[in-house]
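Please find the structures below.
Next, two complexes with chain A in common: one pairs it with chain B, the other with chain C.
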Partner chain A sequence: MNDNVRLRRITVVAALAVAIVVPLFISNFYQFEASEIAVLAILVLSLVVITGYVGQISFCQYSFAAIGAFTVGSLVGGHHWSFWLALVVAVAFSSVVGILVGIPALRLSGLFLAILTVAVALFFDRFLLAAGTWDSFSGGLNPWRVGRPSFFGIGLDGPYAYYAFTLGAFAVMAWLVWNLRIGKTGRVLRAIRGSEIAASMIGIDVTLWKLAAFGLSAGLAGLAGGLLAAGVGGVSPPSFDFLHSIQIAALATVMGVESIASAAAGALALVAVPEILTHTPISADYFPLFVGGVLIVQLVFAPQGAVPKMVEDIKHLLARGRHGEPDATTDEISAKVTV
Partner chain B sequence: MILASANFGLFPSYTVIGLVLGGTYALAAIGLVLIYRVSGVLHFGHGAVAMFATFIAYTVSVEHGLPSIIGLFAAIVTGAALGYIIERFTIRPLRDRPALTKVVITIGWLLVLQTLAGAIWKNTAYHRPVQLVSRSGFKLPVLNLIIGYDQLTTLLVAIGLAVGTAALLRYTTLGISMRAVADDPGAARLWGVNVNRVTAASWMVGSAMGAVAGVLVTPQISFTTFALTLIVIDAFTAALIGRLSSLPWTVVGAVALGLAQTYPRMVTNISGSGEAATFLLVIVTLFVLFRPGAQRVRLA
Partner chain C sequence: MSLLEIHGVSVRFGGVRALSDVSFRVNRGEIFGLVGPNGAGKTTLFNAVTGVVRPTTGRITFDEHEIGHLKPHKRARLGIGRTFQNLQLFGAMTVLENLMLPVDAFARRGLVSDAFRLPMASFEERRANERARAMLHFLRLDGIDGLRANDLPVGIQRRVELARALCLRPKLLLLDEPASGLDARETAELAEALPMIRERFGTTMLLVDHDMALVMRVCDHITVLDFGEVISSGPPDVIRSDPRVIKAYLGEEVA
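Coming up: the complex of A and B.
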């Protein structure tokens, strides 16, 4: 156990060191993409909370991110607010919407929740963000422009500066989400994921916890959306469509949706693989094909998820024959789905 | 202000458009319910399969100029083949795994088929619809209403296939086996039903019906890969109204959805009003029909 903790600490420190140092030596464009990875990692992290910890599937994380992005966009671009104030409002607003989506989810299990979240994603994608419906929010036909803010006097205009800032944001959020796994919160969440009925029997207010999880998850997604807006410099609806939402859910499943490391790995794949594809004869348009194909193959042959499986394998190699307690598989998370 | 453009004289023709749309949704939804009830899988890739099959029909009939009926046949074969492949190689091996895992598999298929189709036929390009019968129509005397022959055909095919499916389930050995597997796969197996074969058949029949729906709907909607893939959402909504079980109620739901998506266009030109109607219908249905403890109903 102690070995595990030490190993984890070493891994985290090494990964952070690589994440801080390596982007210093790459071109501005790749530094920009690195900041995208950090922001998307926060988005995948929001799935870790809702799907990995509480066992609720969501195909509308990009809709929550859109709320964050367009709140920042309309307040900064349209009303000249300070970015930071707008970001706080954006996170709060997306949390509220997340809780609203969570309310019907309380009565629905598994499959029906999946349908509900798809309907939510389409409603946002096709109706709310469509030009003409709510232009003071979506910007209509003119995408909002959002400048880079400065962070306690340090300008974030440079690509590396913004990357460092987003990496810091991801690290803080990852630490926060990691803390949910341990202590009382962790036990409560595991109990709910294991069996909602059993959890309520021992006095856990399942309703409250699930709504809180939805709020937190949507808040994280909203944060990612807000940071995305500032990173790209503007927001426009197509980057938040339904296909993105299911793609990120698929990728999180491929990586193993209960581990924080897979949030980072998922985001890395989300940016790096299309980037690699553009340098091959195949174009980046094929990325969803790659995600879908890997997802199918992996669920048929290795349901555990790529990252947890790799972690297991490494632990296995290091501790020859000593088995750690494996993380829950996608199967276990969804095992309680009964229709 | 928005209402100023309302023209209720168009009510009958919007009703026809809504009914035709509802008819195609009914076909897609019946396929979905068939697959869901027999194999327990909510098939999110249903629309993508239908889309892929429809674009095969497009290639055959529009690009190569063969008669539309051959295109339709090619689409049906493609749909059935895709249904078989998905069931046989990616769903059957996961027999003992939870329902949600299988749902995620179908999401994978959605991504794969959507991307492939985008690569082959281009996502945003304009595609000429596969016109099974001519667009010309006849005039209904009393209402002063013009009905296109293609609209009439779509409605008749939808009604015919819905009735045909009901007959299949009620009177044929395969249909009775399907109902048996839907109700209790274990018991069906004990009674000598070949559950694997019946499940595969339901996927093939269901996907083929999706393909027919796809071909029929091409003149009614914007004919793009994404629009057709998203038909699965309309099919889900209709199927939800049938509690994912009852075929007659699914048809009712499909028609209601078709009308609900069409009527708002009579009074408003806000884009996405159809999606908003779908969303409202999903929410209301989930709340009303899927109360905890709501009863399950039979397939047919």
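Coming up: the complex of A and C.
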């Protein structure tokens, strides 16, 4: 096993141990916030797939989450469905909407794609979820109430129980996304990000894979939305405000949108920083300012993102400790391949 | 029997005629040269064959299939491989990953088998890995599999791109100025490699290059384009002495 793999495994196990043990010793309120972190981590993970792997920018991940949340809300709160069945439908429905958004996005990239996703977000936020448009979905002026489900007979009513469940959900999703990343899927998606023309010239169906990535990303966001609904105990439109989508995209960028670890780090910052700010004279209202500030700092000093930068620095330190070989120069490469 | 047939293909971009009524046939096993001054329409023709641009009129037949309506990836799967004038390697990925991708494109595995690490996924992963390594070995690129494509010198990048195209196991390989950016020694190596590739894989090749010495040396048949039209066609010896070709290249009246 090489050093990188060992280092990664140790980090993952240590992080999971901390994530399981530490919340046992905090108050119920913070346990609830911990479950929000785990759910938001799934939402940031959805950005890792679409932005990190395929390079497609999205400012409407909260809209996909909203589809998940309101599907669960209206089915459980309005039609008394089982939560689990509603969650499955929610994920499927958000995937379908993700693919539909993906179709016009196929021919767009960069700024124009960003504008399209902003338009989608505003359409949801200002129209679809507004009272009077589709009340049987959005709940109109009365927020849907969603009770905590039980998981194979284990009640998830307690804050720690729900936290443990959401942490497990994030861990499973992160594992699945990691498997995609190290397999054919990861290679194909990164190739498409590199050059769509070159990818199609070697037989890759760019359209199909991009739509699949949109569907997968939106499905993950929908899952996060459904879990958010059960966590809070209900759904109402303001929690899916457009600005949340911007914030989450900004934080994912700050942390480094290609890395799964940054999904966890981004979600942690998204909940912990406003919480810390409320205990200072500057209040959580200044959180967006904080996000903007660190975004500028990151873009200047660590354009690859904070988490990948940290990993690089650590690897560098370890390599120096062992007198690791410097990288090969161009001449050495030429010498290597010329017989 | 011909592998690729171009029948009266024209491509127009707005008012510009990039290709007008171009016709030729590439026989199986042939190394076919396509030459002409800058702007003669060579790259446009490659784009028409690979599906990047749609011909305004005309038909393109490959391996007895009419391919004019097919999307680029379908044509690649039928067996049309390509290298680019301006290199199109996936720069942030390793050499090995670049070469595994054409094998991946054919593999029967997708999101689900990858996500759950189904046996099929690891089987296909091994197969792609082996095919990529075999091709690296064939083109004498062993030892650089783990390096990022962007970190390689241009000459090596060209060879890696050739290796990637061959990993598709193409019946027809389109080479768009494969010698550009190469030094004399590397060009000589390329001239040796092309017949070797044909011998090993039976690949038919359509070669565009400005290096006339290279084209004359490796090609069995040459077609000359000028201002989007075919002005001459034949074996290297005939082309060499064709007054129309000399005129197109030198731009003066030849007695």
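One rule holds in what follows: the second predicted complex is superposed on the first by the 319 of 339 C-alpha atoms of A that agree within 3 Å, B and C clash if a C-alpha of one lies under 4 Å from a C-alpha of the other, contacts with A are read in each partner's own complex, and residues count from 1 in each chain.
The definition used in the following text is that contacts are C-beta pairs under 8 Å (C-beta built on N, C-alpha and C of every residue); 3 or more make two chains touch, one makes a residue touch a chain.
Only a predicted model underlies this, so the values are computations on that prediction, with no experimental measurement involved.
Participant: So, A:A131: does it touch chain B (first), chain C (second), both, or neither?
Facilitator: Once the two structures are laid over each other on A, A:A131 reaches chain B alone.
Participant: On chain A, which partner's contacts cover more residues, chain B's or chain C's?
Facilitator: B
Participant: With the two structures laid over each other on chain A, which partner does A:L220 touch: chain B (first), chain C (second), both, or neither?
Facilitator: Touch status of A:L220: no partner.
Participant: Considering only the touch criterion stated at the top, classify A:A174 as touching first (chain B), second (chain C), both, or neither.
Facilitator: neither
Participant: Have a look at where A:L75 lands relative to chain B and chain C in the superposition and call it first, second, both or neither.
Facilitator: Neither partner.
Participant: Is A:I246 touching the first partner chain B, the second partner chain C, both, or neither of them?
Facilitator: The answer is first: A:I246 touches chain B but not chain C.
Participant: Applying the document's definition of touch, where does A:L122 land relative to chain B and chain C: first, second, both, or neither?
Facilitator: The first partner, chain B, only.
Participant: Would you sort A:A264 into first (chain B), second (chain C), both or neither based on which partner it touches?
Facilitator: Touch partners of A:A264: none, neither chain B nor chain C.
Participant: According to the stated criteria, A:S200 is in contact with first (chain B), second (chain C), both, or neither; which is it?
Facilitator: After superposing on A, A:S200 lies in contact with chain C but is clear of chain B.
Participant: For chain A, which residues belong to both interfaces, chain B and chain C?
Facilitator: 330, 333-334, 337-339
Participant: With touch defined as at the start, can you tell me which chain A residues reach chain C in the complex?
Facilitator: For chain A paired with chain C, touching residues are 176-177, 179-180, 183-188, 190-191, 194-195, 197-207, 212, 216, 327-328, 330, 333-334, 336-339.
Participant: Would you tell me which residues of chain C are touching chain A in their complex?
Facilitator: Residue positions touching the partner: 50-52, 71-73, 76-77, 81-82, 84, 88-93, 97, 100-102, 104-107, 109-111, 114-117, 121, 124-125, 128, 140-144, 147, 151-153, 155-156, 159, 164-165, 167-168.
Participant: Touching residues of chain A toward chain B in the complex: what are they?
Facilitator: 57, 59, 104, 107-108, 110-112, 114-116, 118-120, 122-123, 125-128, 130-133, 242-243, 246-247, 249-250, 253, 285-289, 291-293, 295-296, 299-300, 303, 330-331, 333-335, 337-339
Participant: Could you please specify the touching residues of chain B with respect to chain A in the complex?
Facilitator: These residues of chain B touch chain A: 40, 42, 44, 89-90, 93-94, 97-101, 103-105, 107-112, 114-116, 118-119, 226, 230, 233, 236-237, 240, 269-273, 275-276, 278-279, 282-283, 286-287, 290-292.
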